[in-house]
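The structures considered in this document are given below.
Presented sequentially are two complexes of chain A, the first with chain B as partner and the second with chain C.
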Partner chain A sequence: MKALALAIVALVGGLLISATVDFPDWGDPASPASLHVSPHYVEKTMEETSVPNIVTAVLADYRGFDTMFETTVVFTAGVACFLLLRRREPRPGPSRVYRHRATGVIVEMSQPPDTEPAPEVFKRIDDDWTPHDLIVMNVCRLLIPFIQLFGLYVIAHGHHSPGGGFQGGVILGASVILLALSWDLRTATTRMKETATGLMSATGVFIYAGVGALALAMGGNFLDYAALSPILMVDPVAARSLGIFFVEVGVGLAVMATMVLIYRNLASEGHLDQGL
Partner chain B sequence: MIWQIDLAVLILVLICAVGALAVKDLMGAAILFGAYSFLMCILWAVMGAVDVAFTEASVGAGVSTVFFVAAVFRTSRRSKD
Partner chain C sequence: MEEYIPLFLTKYNYWVYITLMMIGLWAMIAKNNLVKKIVGMNIFQTAIILFYVSIGAKYGATIPILQHGSGHGHEAAVHAADYINPLPHVLMLTAIVVSVATLGVALALVIKIHQRHRTLEEDEILEQLRES
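Right, the complex of A and B next:
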């Protein structure tokens, strides 16, 4: 069976590789892909949307409908992870470990206590807790604000440079994941609550679809940002540029919150108390 | 780009891809997949698709590797086949 599978894979792979010879040359201006709508984007993007980065204009404006459902896919992935993994009942297993803040003494309880000890006296730590590295913790504490600032820059500057909502959102989400990795999951969860991640990922999709519906209400087509110019009090070309920005903010919110949500549920088996 | 370096990166991509499929240790497979994504990111950047390269670096090499590692930690580390 394995030999048959290998033969089929080799055959199909060989066919694919032999077919690449018929591809047009890399960057060939006469190739079919470069003849149909590409010239319009290359020539008119600047005058129609005033966005120098053509990729961003195509993604969020000309092909905005695609990107809206890409955002919905990300949101759906987050919802699916939540529904599959999240567990409400407390983690099975008897022990809970606390550290007395003043003395550093570690206390292990063989049964989960009925009432949590006062958090300012006893800090709960992970069962398989290993002392966190001081250098790693503090370097991450210093780095995370800059990572987040860079994420915001990537979202806001996607008009002019590579980047946009997806990349910036992932960078923002990665900064929260980095906090969870270098400190612990509980710290990250108190900084960004579970309801916040859910609400933000839904809000992001809502912002995107809302901008589109607003354009519809203003008499344009769905996601035709030029129709927003009376509200934004700018000319239609600048309105398209601004509309792209609003949409990118929505994408960034949704992607960031979904990344954090998926990581938490994966790393803590759905209990959101302790993870990697 | 210098075609020798291009060729070397392409061969590394192939090695990483086959390695990620063949390795029994799932953690190793996750790391190899991250390396694969990063090499692909270099190739995208070389071909001028900077936006795709950026996405590949942040999503492929960054967050999805973390997701794989987190998932491997919560399951068994060795693959059955």
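Right, the complex of A and C next:
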């Protein structure tokens, strides 16, 4: 098996390396990829969409269909993880461990109690005893709002600087994952409920497709944001810029919710009670 | 020998990506552990992403974000040679997202396989499947 694999790898690698002789040189401005449509994007983006970040303009406007179905791919991956892993029944075995907040004494219960003890006296902790790490928990508590603020900035400022819906959505999702890592999965799930996560993921895709359908209803083509100018009360070029912004908000929402959804289901094997 | 030096200097970036790609392909074919196969798939995807981004590079050009003043689109003409090709960046932005999505689904499948077979080694799983 290893010999066969080595033969395949050597053959494919040799073929590819011999093919690179015909490839354009590194950094060649006249390489074929840079001559076909990209000069139009570089030279005309500003007058057609008034968006200085060409990558954002191409992503959300010129190639809007591609990005819409990309968002759908992300949403579908989240749904697939949910359907594969999510379990409704509770995890078997000794299930409840509590820490007495004042003394630090750990209490383990062989079966779930009928009534939860008061959370300000007994704090529920994971089965595999998590230490009470004051510094990590409080530093993350201070940090998370700023991470989320930065995520919103990256989404909203994606027209003028590197950024956009995908990047900002991942930063927002990472802030929730950081909460789950530094505190525990239950805290993160109470702060961002499972139903809300699923709804946000679907809402993101709906916003994207909805903006496209609205353009269709206003008499333009699907995802032709210039048709939205009567509603937005701006000229068609600025309407493109605003349309890109709405679409990026949808992308950010979908990506953030899906990242959290995938992490939660993977980390807790679908039980959503405790995990990494 | 001397005629190969310019060839190396202008093309070695492709060779780096091909090496990375072959490492990923090797891991996908030869490794026995399913998680290592997934890692190989990710290395492969990274090689493709680097390849695309390097195609867009131009000497003496800057990132594809236009320098602009307060007005909208009334500045001096923009020359395509001054900005690197934005198209590969867009394509790879979406490819990264797809790679995260496939990674998530692949790990979910791996968890299900581990729950059923209690192992992630491919030969042990195949043995269990033959016995049953």
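Operating definition for what follows: the second predicted complex is superposed on the first by the 261 of 276 C-alpha atoms of A that agree within 3 Å, B and C clash if a C-alpha of one lies under 4 Å from a C-alpha of the other, contacts with A are read in each partner's own complex, and residues count from 1 in each chain.
Note that in this section a contact is a pair of C-beta atoms (placed from the backbone, for glycine too) under 8 Å apart; a residue touches a chain by one contact, two chains touch by 3 or more.
Note that this is a predicted model, so its numbers are computed, not measured.
Of the two partner chains placed around the shared chain by superposition, chain B and chain C are both touched by A:Leu266. Using the contact criterion defined above for the overlaid structures, shared-chain residue A:Ile171 touches chain B, although it does not reach chain C.
Contacts of A:Gly163 after superposition on the shared chain: chain B is touched, whereas chain C is not. Contacts of A:Gly13 after superposition on the shared chain: chain C is touched, whereas chain B is not.
When the shared chain is aligned, chain B comes close enough to touch A:Gly275, but chain C does not.
Look at A:Val55: by the touch rule set out above, it reaches both chain B and chain C.
Residue by residue along chain A, chain B and chain C are tallied for touches, and C comes out ahead. Contacts of A:Glu89 after superposition on the shared chain: neither chain B nor chain C is touched.
Shared-chain residue A:Glu120: touches no atom of chain B or chain C.
In the superposition on chain A, A:Ala33 contacts chain C only, with no contact to chain B.
Looking at chain A, you'll find residues 26-27, 53, 55, 162, 164, 166, 259, 262, 266, 269 touch chain B in one structure and chain C in the other.
Per the touch definition, chain C reaches chain A in the complex via residues 7, 10-15, 18-19, 21-22, 25-26, 29-30, 54-61, 63-68, 72-73, 75, 77-83, 85-90, 93-94, 96-98, 100-102, 104-105, 107-109, 111-112, 115. Those residues of chain A that touch chain C in the shared complex are 1-2, 4-6, 8-9, 12-13, 16-17, 20-21, 23-29, 31, 33-34, 37-39, 41-43, 45-47, 50, 52-55, 58-59, 63, 66-67, 70, 73-74, 76-78, 80-81, 84-85, 160-162, 164, 166, 237-238, 255, 258-259, 262, 265-266, 269. Taken in their complex, chain A has these residues touching chain B: 26-27, 53, 55-56, 154, 162-164, 166-167, 170-171, 173-174, 177, 181, 259, 262-263, 266-267, 269, 275-276. Considering their complex, residues 47-48, 50-51, 53-55, 58-59, 62-63, 66-67, 69-71, 73-74 of chain B touch chain A.
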